[in-house]
Amino acid sequence: MEAIERRIEKLRAEVRRATASGDRVRARAMRAELREAEHVWDEALAALEEKSATASSAPVSRSGPLLPIREQVHQALTVLGTPAAQRLIIAVHDAFFGSPLAAARLTSLRRDEERSFRAAPYSRPYYLCAALTADLLAPARGLLAVSTWPMERRVIGPLSPRVNYLEAAIRVAESLLRAPEPGPAAQRLLRRFAVNIPGAGDGAKPRDPQRVAAAARAELEVHSGEDRAVRSEAAARARIQLHDAEQLFGSRIRVIPRTGTGA
Amino acid sequence: MTTEARLDRIRGAVPPRNHNARTIAALTSNPGCARRAIMDAAGVDKQRLAACAGFPAPFGQSQFAITRGNAFEAQVKANGCAELLRLLREGLGLPIPEVSYDDLEEVAGNTSRELRHARTRSLLARAAASGADAGTLFDHPLLRLAVAGQQVYLEPDLIAFQLHGQFHVVEMKSFAVIDGQADGDKVAAAATQSAVYVLALRELLAGEGYGPDSVSHEAVLVCPENFSNAPVATLVDVRKQLTVLRRQLSRLERIDSLAELLPPGLTFDLMIDEAGVAFRPAAELTEAIRTVPARYVPECLASCEMCYFCRDEARGTTAALGRDVRDDLGAVETVSAVLGLADGTLTPADEQAEAAAMLQAAARLRRETPGGAA
Amino acid sequence: MTARDVPPVHAEAQPPTIPARQLPATAGDLAEQAVADVLAALDGLPGSGGPDDLTGLTGGRHRGVVVDSPPGAGKSALVVRVTAELAAAGEPVMVVAQTNAQVDDLVDRLALATPGPAIGRLSAENYMPTPRVARHATVSIAQRADDLTGCRVMAGTAAKWATVTNGLWPWAVIDEAYQMRSDTLLRIAGRFERALFVGDPGQLDPFSTITTERWLGLTWDPMESAVAALLRNNPGIPVHGLPVSWRLPATAVPVMAEAFYPFTGFRSGTGPGGRRLEFTTRGLGAFAADEPIETAAAAGWALYELPARHTVRTDAEAVMACAALAERILQRGAVSYSERAPAGELVTADRIAIGTAHRDQAQAIRSRLGLLSVAGVTVDTANRLQGREVDIMIVLHPLSGRVDASAFHLEAGRLCVLTSRHRHACIVVARAGIPQLFDAHPHTEPVHLNVPAKFPDGWEANQALMAHLASLRVRSL
Amino acid sequence: MSTLTALARAQAVARRIAQPVATVRHVHVSDRPLVLIPLALAGEANAPLAAMVGDEPGSPRLVVVHQPRNRDQRFAFAAALAGIVVGYVEAFRSAVETIPSGQGREPRVRCADAPQVLVPNPAGIGFVRLLGRSTRFRRSYGEYAVDPAVPVLGRWLTFLAERAEYPGSCLLLAATDALALHWASGQSPVEDLNLAALLGWIDPPAGMTGPEAAAAAEDPVLWPPAGPVTDPTFDNEVLAPLIEACARAGDGTGARRRAESALEAAVSAQLTPTWGLMWRGVGLLRALPPGGRVAARWDGDKDAFTRHAEHLRAGGPPQPRRDSAVAAARRLDWMERALASYAVQRALDDPLVLAEYRMTGEAFVGIVTAAEPGPDRRLGQAAQAAPADHRHHGGPSAGRGRRPAAVPGPARAERAGRLRVAIGPAGAGRTGRAAAGRPGRRGGPGAVRRDGPGAHADPGQRSGGGRPGLLHDAVRLLPAVRDVPAARGDAVDARRPAARVRARRRGR
């Protein structure tokens, strides 16, 4: 035991010296050894504890409804009714379905969906797909949408991020009204929306959903007209220009990137 | 040999370290240092060089700081910059209709810098031209600035337009503003970096035929407030930083005069093999580095990767003890000379006579004072 | 001049007859318009209110007028005139200046300008009346305001006024307001209803021995100048500017305006050639000091450059050079021709000053002058020369002989004071290599939020001035 | 900084060991100081990571946050720290002493002693200030309620941090400041901010020279930074994996317990070396004989402590976020006076400090041959410099003896009077006014010995020479007689601390 701890100390020092002197190669090697040693130490300690037989209760991990991740995301997106980014999807799901979403698995989701679509088009009732940028009809960074939504809803013009945000706020507020007794997570979510919408509420006081929705509608008035114009124009283009897969997952320019010569 | 070729030789067989706002800002921290000027102009990897010469820099960034920084920026920009819009509206009077958001971090899934820069240029030009309803928030635009002859790509966090009818550089930093105040050095660094972006943005718009007034000299600094994660925006006047930067950049243009003084064969090449291991002997490097005069002051310890090397070189000089100390010692250059003059064993040169008188008086006082131990 | 040092002069040169010196400049020099404007502005002020209006703690109505005055724009004359007018209108006025010398000057000039109302000189217990105060029958001196009842005009230093704890004056006239700290304003703000703040924004800021970041960004930061705090708290307060410098010659104004008053600017009261400096004797180039003083006489400026060298503060060569210049000017019998003395008047020792950054430098120059037995030339630091006026100014450049430029030595206000005292010519003495200091100067000063950036920036201002002087450089032998 | 201190640094370089710049101790060192070494998580605003704290060299106590980003754990940390710090501080409220206050007024009662908290460096003081700010407004009820001890801690920490700005106060000290006040190292003031390096210069381990010890001290692996900032390589290679491990392991599992103990071990390893340094520093300071006026200044600290304790007992409000205009003006006035009298007291306590003023011609040495009462009240303490041998140090003075606490000894007559001084050790017998208030008269007609290099300057001219005497400073700083140009005339010297303060905030 002592020996291992001393070794760990020594390795840590080594790694730090290596990184400090910019020697990445050596650092990597040392780090590997260190992790190994730490693992050994952990094992050994664990073994000791087993002997001393401390009946530590097994971890009780909060297990939500065992839906596949795409179902959970679909639920959240359905609440929002607009393309949304990971953070928001997770927050919404947490607020209304009370089970945590594994963020890690979300990142790969869009790629998986695209693969499955290209393998067997339209074999699923819906796909979690991309939102498309209005100008280039390319996938908008980090946004998820539902394939069954009309194209107008899935294209993103310059005003759309704000418009979507306001619409999401309205939807969340309304769902909150419908919910029998909304939990604190839902309350927090609404508050986070309210802070950033003029006239939606003041200070840290819990806000009433109607007021938030009303405020959101008021600002929406300002943007919606112009936004809708851009979106429907883009949607029209998309319907003509893009083939099926692109309709859902966007088109990418493939430029051979010239290697930056520092200039 | 052209200056460019000369600088390439000095850097050695590695691609130049690209400048960024931080390194450009650093040009102002010790502009009197020829060593630093040459290395920066040549794009030398000072961190690695110092390490190979046996004096690894005392820097390095904690991943906690990095994570925190990214998380904060992401939070402020989430949902079409919802939080940022609130700050710009409440704090700086951005009109409600101004919510347009353009993401310039990639162009249709492509992240080539040329492409991004071209798109940045066209979008900003359009906004400038049509004034209203043509873009308000531009996320991660890619600008360009000529530094020592090379075109450097710069990526401000965000640029806001239609704020008082001008473009504003928005800089997001994760250091806290507590009761309206933040760490003065961090703010200074942020201000200088913003100034770099302002310069680059003005250069871009000048190319489109717009005057400097199209870009505000007030940058918007967004930081977490007090001990929360809630962001707060403050306007920072960067006019001083702009004048300083312009001057230092123009001096960097004249780097050739400096380069000419150096031995033609000079190079800091580390002889790195394909495994990424450097083979150049430290002694050789040391010799090479020393051919370029440095201007070490203790403040370098906070800003320059070469600091430990230069400090070691400067041992025994009064400069190594700090500006004030050197002043108080009558600008005598070395410690040994100071002590020699003080105890009279060194006969002062004419220009040292007064310093000598002063030092002797000081030495006498320390001697005479019980416990002075002089 | 004592007999000992007879200059090498040309026999036929005759010193001109010297007209009697007139009284120091007063309203005569002052643009009537400016006075009228200010009085009108003061008329417009609302009446009494909580003293807090001034310090801005409650904001609200403005009860002050600020007058920015570039060097020699008739600031004191304005103060005297306005005070006189207000007093004449029958209302008590408290006059506030920053030093006893300033107060004495004002009292003297007030007494001369207004034989009418009695003037009270509020003073510390150990104050000894200067002749220029004592000579006036209408001036009475006391330590307590209560002992001066009946004096319609009462003058004292801000520090003294801060000890006056009761009484409310309808009017206050505050001179050199940019040199008053805002905490002092806070102390005296309770004593008056309406105030006129007069000062030169280009000069040195007030100062504290304490270094703390505690109050940074507060609009009532006690380390700020009174005017700065006043304006930050009451943005609406009217700010007037005196547009004309009656002191600085046409040769000086463009340079000074560009370097130190970039936003307001001002012009010279005298046109090109309106002032002339001549010598009654020829130099014959016998003295190193001849060329610089002749250059200065011709161009209004000269840079007397000594060989580059890192020196201690009291650089003996520089010290000797400064002293020699003064001595030589007197030897050569400089005569100044101006609107005041069209026939010309001899530049006597009391019309020459030598300015430095540090006291020990001033001290060294004094002793040097002592050895040359040149008497009567004022030698002092920028801080103490504020408000002084001379014909010829000799400046030991703050950066001369330094290894590096420091914030202190770059301070715009310091250089501005030193180079804005003269009516005719300014000679800057410096070691070579100052421009290099600018380029090498590290810009590492911290930046603080909600603290307005201060302009002009000393680094820039210094460069502007040096750039101008470069063409008027005389290298020492 | 003066030429003498600078020269001492040069000598330190040559002799490879720090040189004394004081002959007596100018800070009070408690018999039972509380050493506090805080660590914060990089990138966050005052997110505590750990603290090693205690008033016993042998028994440091360690408080660690396993999830520094978790706000609840932050306040749990504050509560744990409160248990130690508040306990230590309030223990001093019990014992009181009675001060006869003369003039028929009844005697005062104040705490017999006061707490003294020692942190490694100025950044440590900054941490105390911020932790105080982040906790003193917390409520122990309602939403986000915290342990009742937390706001109390916040108010005490704030009190200490504010006191630390007060010249001459010793309630909260940074070890590097206290040491640098007494020794000049052979490195720059910036580098002096590294406690390990500074102590290396002052007290190198056997067989090592100062510079060697200082160089060794810069290896963050051997000598971890004294906080609050941790070394980046420690963050990335050690701390991050351990925190991650804690997060991964489920509550109450053996894995979690193991991860936590591993984290605690690692953090404690970062703190222990500094803990040792702190007590070594305390030892070095204790070894110095205390200056004559140190105790009097500590009495001032006791008064301040007593006042704040009363304020708390009376249920007074917490310190505001920022000073109001009036509070700011008043505080600045206090601080300026304190600074003036502190400078004077140090000069009077310590010939080596006085020597700095002799160097600049602000003070001089002579034999007091006679003293006659006179009207000049400004002579202040000048007469009391070193009463024992009647050597008279003209110049330094607290002015008007406004702070009698700081004015021990001699008769009023002497304080308000005219001195006849024989100048110089040689006692040439020339006499003159020893010290007067106005710059124009300081030094007076009688020539005094000029210690500085400008000795050639004719004495009659001394008046304006150099900076104005401390005497003048002190007098000027009383607002009633503040003389603005003179005040600004001191810019030269006052900018220096400014420069140092900036340097500090850069150093560790």
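Structure notes:
In order of appearance the chains are A, B, C and D, and numbering begins at 1 in each one.
The rule is simple: contacts are C-beta pairs under 8 Å (C-beta built on N, C-alpha and C of every residue); 3 or more make two chains touch, one makes a residue touch a chain.
On a predicted model such as this, the values are computed, not experimentally measured, just so you know.
Note on connectivity: the fewest steps through touching chains from chain A to chain C is 2. Using the average of C-alpha coordinates as each chain's centre, A ends up farthest from chain D. When the interfaces A-D and C-D are ranked by how many C-beta pairs touch across them, C-D comes first.
Once the centre of each chain is set as its mean CA position, chain A and chain D turn out to be 51 Å apart. Averaged C-alpha coordinates put the centre of chain B at 39 Å from the centre of chain C. Centre-to-centre separation between chain A and chain B, using Cα means, comes to 35 Å. In chain C, the positions touching at least two other chains are 314, 406, 444-446. Residues of chain B found to touch two or more other chains are 60, 180, 183-185, 299, 323, 330, 354, 358. Among the residues of chain D, those in touch with two or more other chains are 220, 231, 233, 236, 322, 499, 502, 505. Chain pairs recorded as touching, per the definition above, are A-B, A-D, B-C, B-D, C-D.
Against chain D, the residues of chain B that register as touching in their complex are 58-69, 174-176, 178-180, 183-185, 224, 226-227, 298-299, 301-302, 316, 318, 320-325, 328-330, 335-336, 338-339, 342, 354, 357-363, 365-366, 368-374.
In the complex of the two chains, the chain C residues touching chain B come out as 213, 216-217, 309-312, 314-316, 401-404, 406, 439-450, 452-453, 455, 457, 459-460. The touching residues of chain D, when paired with chain A in their complex, are 220-221, 231, 233-234, 236-238, 241, 250-255, 257-258, 262, 269. By the touch criterion stated above, chain B contacts chain A in their complex at residues 15-16, 18, 43, 47-48, 51, 56, 60, 74, 78-83, 85-86, 89, 96-97, 99-103, 105-115, 133, 135, 150-151, 153, 275-277. Across the complex, chain C meets chain D through its residues 55, 57, 98-100, 124, 126, 157-160, 162-163, 179-180, 182-184, 186-187, 204-212, 214-215, 218, 220-223, 314, 357-360, 362-364, 366-367, 370, 380-381, 383-384, 386, 406-408, 444-446.
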